[in-house]
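Both of the next two complexes hold chain A, though its partner changes from chain B to chain C.
On to the complex of A and B.
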C-alpha cells in the first residue's frame, strides 16, 4: 500500500464518523431553524426567518441569553476563586506521593457521573437534609432550604466544573521552573511580588483554558438549572430542552441552539487568538 | 499532554513561609468536592425515605435496589453501551492517532483542530442536532442511535489520549523492527501496540466513563422504554425518588473512583 492510501485508511473511519454524526447534524440543525414547523406528514412547511425574528423581537429570549451568560460568569468566577488556590496548593505545597494522591483525589469526581453529583446536592440541601438538620440542632429552626433557588444552580455548576479549572491551572503551574522563583527571590523580590510578577503571568494560559472549559458548558447547561433551580431555572438551556421535549417546537429550539452555538464559536475564536498570543510570547 | 518528569519537586519553593494556609486551601477544596458525595453515600445506609436525619443504619435501600428491575435494567444498558462504544472509539481512535504521529501531511493541523468543537460545544446542542438528523433521515430512535451519538463524543478524546502516548514513543524501535525485516503489520502488532498499550487502555477507560456517565445525549436519543442509568436517575429525581438512587449511586461512584485510582498514573495528564 502506498503511504497515501494507508493514511486515508487510518483517518477515514474516525473522520467520516465525526463528519456524519458531529458536523452534518449541525448543518441539519441550521436547516431546521429556518422552517416554519416540524416537517411531519402532509404538513405545509415553508422557509422563514420567524424563529430568529422571535429571538430579536421578544425581550424574553434575549433576556434569557443574558441570564445564561451571567450564570456562566458566576460559575466561572466561583471555579476560579476556589480552583486557583486549590491548584496552587496542589502544585506548590505538597510533593512526591502526596501530590500524586491528592491530584488523583481532585480528578476522581470529574470521572464520576455528573448526575450522581447533582443528586448528592439535592440530598444535602433538601428540607430534612444535613444542612437544615444541623441548623436546627443549633437552634435555628426557621431556616429555609436554598434548594430550588438561583444560588443552588451556581453551587451545582461550580461543583460540576471545578475539576476542569483545577486541572488546567495545575498543569500550567507545574510547568513553571522553580529556578525562576528562586531567581526572583534571590534578586530580592518578596513572595507576593514573585507571585504577582512571575507566577500569575506564567499561569495565565492555564487560567484562560480553565475559564473556557467552564464557561462554555455552563452557559449551555440545562440539567443543573432544571433539577436544582426550580422556578429560577428558566434559562437558555432549559428553554431549548422544552422545545424538544415538551412543546415540540423544533424549529424554534434549533434557532435558539444555533444562537448558543454562535456564542460558543465567538468565544472559542477569541480564546484561540489569546492563547496563541500567550504561547508565542517568550515569557 | 505529555507525562511530566517533575512529579517530585526536590527544590520546593512556597510563597508563604509556612505552607499551612495553602494546605488549608487544599483541605477546603477537597471538602467541597467530596462532602456532598459522602453525605449522599451515608444516606444510602439511612432508614429515612426522604434522606432525612437523624441517622438510623439500615440496608433496606440496597435490598430494594436488588429488586428494582427498572433501575437494574437501565444500569445494564449503560454498561453494555459503554463497553461497545468504548471499543469502537478506541479502535478508530488508535488508527487516527497512528496517522497523526507517524505521518506528516498537509491539513494535519486542521484535522486536529476539528477535534476541538465536538469536545467544547455544549452536549445539548450536539444532542438536539443528532435528534433532528435522525428524524430527517427517518431513523427511529433506538440503541443504534445512542451508539452513534456516544461514539461521536468519545472519538476526540480517544484520538487525543492515544496520540499523546504514541508521540512519546521512540520511533527508532519501529524502525529497528522494520530494518530487521518485520512487515508493517508485524511491526504494528509486536512493537507499536504493546508499547502504546497503556495509552490505549487509558483511552478505552476514558471512553467507557464518557459513555457510562453521559446523560444529555442519551436523554434525547434514547427510544421510549429504553433508558440508561443517568436517564433513570434524572427521571427519578423529577418524579419522586427513594434512597435506592443513593444505593445505586454509591455503588457506581465507588466503582468509578476505584478504577480511576487504579489506572491513575497513566491518566495523570489526560485531557
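On to the complex of A and C.
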C-alpha cells in the first residue's frame, strides 16, 4: 500500500463519521438559526436575522451569557486549584501501586453515570442531607444547606470535570525530566524557584489543554445547573435546552448556541495567542 | 513466517465458512401474524396509563405489547409528535393544545361511533370547542382537575387558604414552584387578582408579581417524581401541584400533603385522548381509549393510586365517597373558581416564555 492510501485508510473512518454526525447536523442547526420558524407542516418560514437580533435586544440574554462564562471560569479555577497539586503529587511524589490506587480514585467517579453522581450530591447537600445531619449531631442545627444555590452548581461541575484537568496536567508533568530539577537545584535554585521557573512553564501546555477541556463544556452545561441549582440554575445552557425541549423554538435555540460557540472560539484564540507569547518570551 | 500465515489463513477460511453456513439457521424475517403488535402510548409519567396491572390487563386482553414514552410539558408533547411522525398510536394532550396540534396537522379525526365511552360523556364534554374542527372530533375528554396550592400538613396544621401564602416572607426558601411558563403566568395573575387570569392583559404586573416570588422559591419542579422527591426530603413545605398527583402522593407514598382551592382560585385543565395523524394502529388506540375511560380501570386507579376527576360520570358515580376527588371537587362551586387553560396565541405564548425565562434568570 502506498503511504497516501494508508493515510486515507487511517483518517477516512473518523472524518467520515465526524462529517456525517458532527458537521452535517451543525450545518442544519446553522440553517435553522436563520429561519423564522421550524419548517414543518404548512408553516410559512423565511430567512431572518431576528433570532440573533433578539440576543442583543434583550439584556437578559447577554447577562445569562456572562453568568455562564463566569460559571465556566469558577469551574476551571476550582479544577485547577484541586487538580494541579494532585497531578503534581501523582507525577513526582508517588509511584508503583500507590500511584495506580490514587489514579483509580480520580477516575472511578468518571465511570459512573453523571446523573447518579448528581443525585448523590443532592443526598449529601440537602436540608436533611448527610452534611446537615452530621452538623446537627455536632450541635449546629441552624446550618442552611447549599443545595439549590450557585455554589452547589460549581461543586457538581468541578466534580464532573476534575479528571480531565488532572489527567492532562499529569501527562505534562510526567514528561518533565527529573534531571532538569536536579540541575536547577545544583545551580542553587530553591524548590519554590524551581517550580516557578522550570516546572510551571514546562507544564503550561498541559494546563492549557486541561483548561480548554473543562471550560468549554462547563459554560454550556445545563444538567448540573438544573438539578443542583434550583432557582439559581437558569443559565444560557438551560435556556437553550428549554428552547429545544420545552417550547419548540429551535431557531432561537440554535442562534443562542452559535453565539455561545462564537464567544468560545474568540476566547480560545486569545488564549492560544497568550500561550505562544509566554512560550517565545519566557519570564 | 510461513506456518503462522497458513494457520491464520485457514482460520479465516473456516470462520467465513461457518459464518456462511450459519446464516440460514437464523430465523427468516418475521411473518406478519407472528409480529407482536405494539401500542405506543405518549403520556405524562405516572399518569394512569403506566400502572403495571393496567398494562398487563390490556396486553392480555388484546395480545399486544404496550410501549410508553413520556413528556414533561405540553410543548414537549407537540415536539415529539412533530419530530416522530408514525410512532405513537395514542396521546394525551391538554385540550388547549389540540388546536395548535391541528394547525400543524398532527392529529387525525376520531370515529366516535366506534367508542363505547363517547355516549356516556355529558354534552358539556362532547361539545368542548377545543376538541372539534371542521365537524370532526379530535379528542376524547378523559380527566380534568386543578393545579393549585399544596402544603405540608405537619408544618401547617391549621392549613392555608390563600394563594398569596406562596409570597409570604415567613415562608422564604420553602416553596416548590412549577417550572412552566403558562402556569407561572396564570398563578401570578390569580394571586394579583388580574382578570382574566388565563389571558392576563398586563404582563408587566405579572412580571412584578413573579419577581416578588423569587426569595420564597426553594426549587422549581417539572415532573411528579421531582416534586415528590423535594417534598418528602423536606426541601419544600408548600407550593403548587397537580390534583391527581397530590392524591397519589397521599395514597401511594403517605406524604402529609393537603390540596386546597384557595380563595383567589386555581388553574383548571382538561386532558383528552387523541390519535396522531400517522398512528400505526388505530383500532387498538380506540380500544385503549375505551379501556382507559372504563370504570374497571379508572375506579381501581383512583383507589390504588389516586386519579383526577374523570370525565365519564359513570366512573365518578362508582368512586368512593371519601376519595380525594369527591372530597376536593364534590362542591360544584369549585369549578367556578378555576381559570381553565385556553388556547393562547403563539405570539402571546412567546412573550410568556421570555417573561418566565427573564424572571428565572433574575432569581439568582
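The rule is short, and it goes like this: the second predicted complex is superposed on the first by the 252 of 283 C-alpha atoms of A that agree within 3 Å, B and C clash if a C-alpha of one lies under 4 Å from a C-alpha of the other, contacts with A are read in each partner's own complex, and residues count from 1 in each chain.
Just so it is clear, a residue touches a chain if its C-beta (ideal position, glycine included) is under 8 Å from a C-beta of that chain, and two chains touch if they have at least 3 such contacts.
Just so we're clear, the structure is a prediction, and the values are computed from it rather than from any experiment.
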Greater residue coverage of chain A in the superposed arrangement, chain B or chain C: B
Chain B versus chain C as contact partner of A:147, first or second or both or neither: second
First, second, both or neither for A:133, with chain B first and chain C second: first
Touched partner set for A:79, first chain B, second chain C, both or neither: neither
Touched partner set for A:14, first chain B, second chain C, both or neither: first
First, second, both or neither for A:100, with chain B first and chain C second: first
A:43 touches, of chain B and chain C: first, second, both or neither? second
First (chain B), second (chain C), both or neither touched by A:239: second
Contacts of A:214 with chain B and chain C, given as first, second, both or neither: neither
First (chain B), second (chain C), both or neither touched by A:116: first
Chain B/chain C common contact set on chain A: 126-128
Complex interface listing, chain A residues touching chain C: 38, 40-43, 58, 60, 63-64, 67, 126-128, 147-148, 150, 230-234, 239, 242, 245-249
Chain A contact footprint on chain C (complex, rising order): 72-73, 75-76, 78-79, 82, 103-106, 181, 214, 217-220, 233-235, 349-350, 353-354, 357-358, 360-364
Chain A-facing residues of chain B, complex: 4, 6-9, 11-17, 19, 22-23, 25-26, 28-30, 32-37, 39-40, 43, 48, 50-54, 92-93, 95-96, 98-99, 103, 105, 111, 114-118, 120-126, 128-133, 136, 148-149, 151-152, 155-156, 159, 209, 212-213, 215-216, 220, 229-230, 233-234, 237-238, 241, 245-246, 249, 252-253, 256-257, 260-261, 264-265, 267-269
Residue numbers on chain A that touch chain B, as the complex places them: 3, 7, 9-11, 13-15, 17-18, 21-26, 28-29, 31-32, 82-83, 85-86, 88-90, 92-96, 99-100, 102-109, 111-124, 126-130, 133, 159, 162-163, 166, 171, 174-175, 178-179, 181-182, 185, 191-192, 194-195, 199, 212-213, 216-217, 219-223, 226-227, 237, 240-241, 244, 250, 253-254, 257, 260-261, 264, 268
